[in-house]
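As written, the chains take the letters A, B and C, and residue 1 is the first residue of each chain.
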């Protein structure tokens, strides 16, 4: 289920493919704001759409996210790739609006089924969070409250959004756990988190997230802390849940192989910006951004031997993000003089494959 | 003669229930494993969490006492070592941890952390120790500017480099690395993995490399031991293991690894 | 569990034994003679010796100690030097009042401490947090008698709203009796609460600040829970564990404070009894009272531990590696 990508610029809602390039070219400033987004066939509005979403620290104005734009359709699994410190987790926490509002300033728009959630009052957010949009976290060991039984923690999520009694909530919780492929949900309901393995805890987290049949689940490195065999089970479970409930996933990971296994499309983030967007196969077979290439090369496959090619250096701290040019220029082997000075524009390199690079591969 | 010979190593823990103590159970963490490692080669220990691979590493370094079995290092029985001889043996075998943040003192600069073992185990002057620490810093690929930084000012990859430099400060012959890459990003993993490969060649270091990532093990290790519930279910030279995995568990492990070909969606 | 409880009780008994012995020794090495307090000018030398013999004070210390222990094992706490009543009768009269006072003080201090502590944590580094901190520092450093006398003067004498002593007004019955008891209880309880709550509040604040950053609180918020509700269900509930745990440690200082409070407010509890007995060098009463207080502190200590085990599912009793 590959989705063709289309360009959407400010004010141009239905941007037909032929006119896209024209709409963007006129001046450099507009080119910078032109963004790739998924055109989801058959749906009037995408489930989630970000338009030039930016995030800064209120205290000193440090930029954290720079004009992030993408669309996510119903039933899609989209991967968000990048190293730690690129802003992936921040983006997710910011989408579910769990960041302390007085520490950050936001700009741009975030549309949820056509409505701008940045304008929503807290009351609306509370009835939306956990019901329509849920999140699971990287640390299954610490994400569950150690003093409540598992059953209570799942049932709590249900009672927050559904008008059911204690008994009914418990039976719904049991169902949710069964759906998350827990072998003996009745027994698990009475257990405490510390009695469970990491994989089982992540299943419980998935059950909590799925309990109210949300439309979208933000999964922040859900398998990074788990063993490979458990990771494979959790990924398969995500695919199955998508089939059964039609839910979409935004899967945050630094492991491209995980993306390859489950995602329809992927976005690559670097230093607070999305730098490449494409259908998964396209991205992995013909990566066009040098950062994506570096990430792919540094992945130890099962058939290689000896040293790995690496990306030199590390992601800078947000205060050192270079947004006047290409954020990756400092680590890029192919960097041109202008890479450090001019922000690269978005370019469509074919078949809905978008890249933000002055000299794409 | 192999540098390290482990024979029928066992470690049992005692455990009890919560409210009702009931009968004491013996829980086998390591259940009779044997292997040999030649000097300058690397043994990878792989398996899921709880399979006993970390305990094996700790037993070899005598951080824990085995219930039974023998460990010989360069021909001598290290379980019989006491006092001064144990102290001098400890210099020859060092450990690198998964989370360097937790194993580095937050109030000690990078330079102090690297030089610290030298203060206990060598007769070097303060100046010589500092000189040595600078050399080590260069060897693990960190610039000298980091000498006076504190661990919390470094990134995960840089901290792991410091952890390695510290382990190398006493010129050990054996390095036990316990999941040294797991807490790092894929791109940083590659950098540190290359560092391990370099050090192995340059220093003729011997490794026990504990990991759950078979792909990493393949690039560094000469032989691989697959552990399951405290037992070594398969021990093979690295090429053979990937070409023809013998044990069904090994095959399951290999199958579970996510691949760029992405078979799961089809 | 049974084994843990048994071990805990055995330890408690050993502690009690040590407390008894120490009390006994300390009283005997004090440089005053209880008989001299009872003597009046009309007594002859023979009377005094008879008195000394009657109370067994002429025997060697070891024999006195052995007899005391033997009586204790039979449940006899001795006869008061001063009133000639059995000590157990005296204690039985006073104990319920001490219990009432300490229990209400403990509960109120815990409730107040938890509430102010969570408020401070929730609004850390605001004026409210500073105010609570200031009040806590004040309350924690106040000397019970000074505060007690000040309140007594203010609310008992200057504006006589509350009774200045006793536990109840004789002759009052029914609902009025309960209200009367509460009125008598108010001042001493207030003093004890005022000096005890800061411990709970500061502990609560510190634990909660840590929990506010915990991943499971983030999970609770991501379920769509209101901040205040998430804070109580997942924050305060968890922070209660270490807070309850310090209750065991606070009991000692609380019972010390209650001796002072009972004395000042003439509240006839065990504390007041001790104060009276010290003046008369009434060894049996002092020993009995200290024994009772020690037993209560130890018993409540065991109860706090049990409560802690119930609250904290991660504890595995007797598990060792």
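Keep in mind that, in the parts below, a residue touches a chain if its C-beta (ideal position, glycine included) is under 8 Å from a C-beta of that chain, and two chains touch if they have at least 3 such contacts.
What you are looking at is a predicted structure, and each value in this text was computed from that prediction instead of being measured.
Chains that touch both subunit B and subunit C: A. When C-beta pairs in contact are tallied for each pair of chains, A-B comes out on top.
Per-chain Cα centroids separate subunit B from subunit C by 54 Å.
Computed centre separation for the pair subunit A/subunit C is 56 angstrom, with centres defined by C-alpha atoms. Subunit B has its Cα centroid 34 Å from the Cα centroid of subunit A. Among all residues of subunit C, none touch two or more other chains. By the touch criterion stated above, subunit A contacts subunit C in their complex at residues 96, 98, 126-131, 134-135, 137, 139, 142-148, 156-157, 160-161, 192, 194, 205, 208. Interface residues of subunit C facing subunit A in the complex, by the touch rule stated above, are 214-216, 218-226, 233-234, 237-238, 241, 311-314. Interface residues of subunit B, counted against subunit A in their complex, comprise 48-50, 155-158, 185-191, 193-194, 197-198, 212-216, 218-219, 242, 252-265.
By the touch criterion given at the top, residues 83-85, 197-198, 227-232, 235-236, 239, 254-258, 260-262, 280-281, 284, 294-296, 298-311, 314-315 of subunit A touch subunit B in their complex.
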